[in-house]
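One chain, chain A, appears in both complexes that follow, with chain B as partner in the first and chain C in the second.
The block that comes next holds the complex of A and B.
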């Protein structure tokens, strides 16, 4: 019964976060704009060489997701800080994991939508040929997004009480995300290049392993970082 | 007079024993002892910065005490936070609402989070006089309207221990009457309340007693204090205790 109540709370938080985001629009527009801008700048910096563009596509894509994602994570808690809503959220009964799960799912949906735009722009700008095994590539991208979002949502909660949260979040998040970014980028690169040697297998395993570790660790630790 | 073991009497809505809290090197609370029985309405007075709100936040589980113990209906606020949150309703300085949701949506969200998804939201909105703005976004509400909406959230919750931190701020005469009506209703149902106040006038006829926090402890008012309006003549003092903190 308590578990079902917590699931209901999680759903309510997802609905609330997506509804406020849909109505304000400011968050998604700025995040998507930043992602596209990063890709455009990379595209111009690399020049017209098609092969070079294709080789750099995976790296540029994940960097765009990372930088734009940080904006999104900060914003997801800014909504709670305005008007003391975080305080009200923490006063509701129920498990703390329900709050984290709600925030995590809302951020996953948000970053996935942003990823769709970034990938679409990236395919055009970097002259990427869509590989035959594109569903597997989608799976890799989702694994990468889960890793980035789980850690991003967690550290955004941790830094939300700090006045310097905009500075603190990247400082905490970027070093921890190196293995996920590296694995996501290498696996994506291998798939975009056809992956004739099955080189992506080890990276995908590493990515999945880090996702599991991050998800378990952040769910367990959330209670301790959100309470003062 | 005070035993070190918690007194888990179901009659005690709040049992704070030597509650202390420091921020950095500064001790804001130095050992507050306060017992509030079920059905009792207590006013909490004191100068700005004396620790009233800090104490309320500790009881509400929003802040951890640096020392001491605090129980709400027998549940320890440190170790049984979820159980405490089922009993406590906290009306804070800040409205805790979402600007981009309507009044009704804010209450629907609160009802789901509280575990009462089928709560009568329309009745609560009608009670606080906000039926005419049910579907309007909170962003356009005045401070007083936001306070009323926060009160509607408490009405949905019907807590057993009400913690009100300067509840009359931004409320007009009708809003104050509404607030007092809710406190009395809760009292009639056997609930308790701790009300942080700077001015006793709006709470006239609502409180059973008042206590004062001074220098981080519950203070025993002297005749001079009473003459300066530090506490009402009806104040019943609570023995000041210490948590071994100088």
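The block that comes next holds the complex of A and C.
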């Protein structure tokens, strides 16, 4: 069946990307370190006052993940382009969406692992009190990562093959991510504050809705951006 | 690359200059008319006159980006390169009017609200729209291959247009949850005529700008096609 073949293709791409990453480790180590460095810088910007840091923790965490994640997205295609492997990948028979899905899942795993490190460091640096509903917080983090990675993987498919990719990806990606980031930040902030106002539910729903919209849109549009 | 020179790249029929003059003179007339006929506002005084440039500029912005969306969809569907050039022209003019909307809004907001900027849903989503289309135009300038540029910018344009209502909704929620007052404005009928006339004038002017920009883009592309064909040795025109 064609669909099952595409799934196998997806799995092969995920496996290939993760293996490359696992064998070199340089990419992950540097991106995760950058995430932690950005957190430290936010710490300096927001001052040593503990309450201030706690209030700003949600925003700082997400921005650190975003700024470091952007490097991962371009990298994910750059590795292909260096060896001329993207053309080969495109020449193989099968649906194009399988390539996107493969890249997307590999990036999801990559960014999630980075998020684990950044959040762990962030909890310490920003003196966050871990709330009782911490499993729900993990769910929010995953939803936020899905939003960031789906748009990031999509725009990197273009920016990595253009001139000035370093500036082009953030320029295209950041404005597009505002709704996702806003919802993720607000939901995280509400949960970290104990969610006294019950405000997080609506944000989580919005975040999930944005994820669905952007996933569908990027899957549909990927065909057009990868073909040329 | 995959675009063969074809008949659609005969140089375009030039836009009649009279139309441009007409649009320009109509614009002058509607501005003067609106300013002269509208009385001073009870609250804002003559500051209200700002409405006759700010509101039409905003309307033209959204109309222009509507054109970008439709032309981009048409390009992906029919692969007609003219649609791509039209989308690019509309995006340029739209960005110009979007910037104008923001600046005029700030000039109005400072004396009225006491601040240059407020994180209101409408303001913020207009700013995000501006940033998205600045990204769109940069993407175009960083990609040389015309077919690739067309496909990519169409995708970015469509996703950007989808994103605008989403940004609006999310910022609105953000503000609502933060319990901050909004600034409802209502329009009394005596100002309406001047506003509608100016809406028409701005639309006409923007359409003229887009047309001229589109014409220039077509000249550029047809010159490129011609030189490409000449380089291949098959062009005798």
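In the analysis below, the second predicted complex is superposed on the first by the 228 of 228 C-alpha atoms of A that agree within 3 Å, B and C clash if a C-alpha of one lies under 4 Å from a C-alpha of the other, contacts with A are read in each partner's own complex, and residues count from 1 in each chain.
FYI, contacts are C-beta pairs under 8 Å (C-beta built on N, C-alpha and C of every residue); 3 or more make two chains touch, one makes a residue touch a chain.
The shown structure was predicted, so the numbers you read here are calculated from the model rather than taken from an experiment.
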Request  = Would you check which partner chain A:227 touches, where first means chain B only, second means chain C only, and both and neither mean what they say?
outcome  = both
Task = Could you look at A:172 and tell me whether it touches chain B, chain C, both or neither (first, second, both, neither)?
result = second
Task = Go through the superposed model and pick first if A:20 touches only chain B, second if only chain C, both, or neither.
result = first
Touching partner for A:162 - first (chain B), second (chain C), both, neither = second
Message = Just to be sure I read the superposition right, which of the two partners does A:47 touch: chain B = first, chain C = second, or both, or neither?
response = neither
Message = With both complexes superposed on chain A, which partner does A:12 reach: first (chain B), second (chain C), both or neither?
response = first
Touching partner for A:88 - first (chain B), second (chain C), both, neither = first
Chain B/chain C common contact set on chain A = 227-228
Request  = Give every residue of chain A touching chain C within the complex, in rising order.
outcome  = 154-155, 158, 162-164, 167-168, 171-172, 174-176, 178-179, 182-183, 186, 199, 202-203, 206, 210, 213, 217-218, 221, 224-225, 227-228
Ask   = Which residues of chain A touch chain B in their complex?
value = 5, 8-9, 11-12, 15-16, 19-20, 23-24, 79, 82-85, 87-95, 227-228
Message = Give the list of chain C residues in touch with chain A in this complex.
response = 1-2, 76, 128, 131-132, 134-136, 138-139, 142-143, 145, 147-148, 151-152, 154-156, 158-160, 162-163, 166-167, 169-171, 173-174, 177
Chain A contact footprint on chain B (complex, rising order) = 60-64, 81-82, 85-86, 88, 90, 92-101, 105, 109-110, 112-115, 117, 137, 146, 153
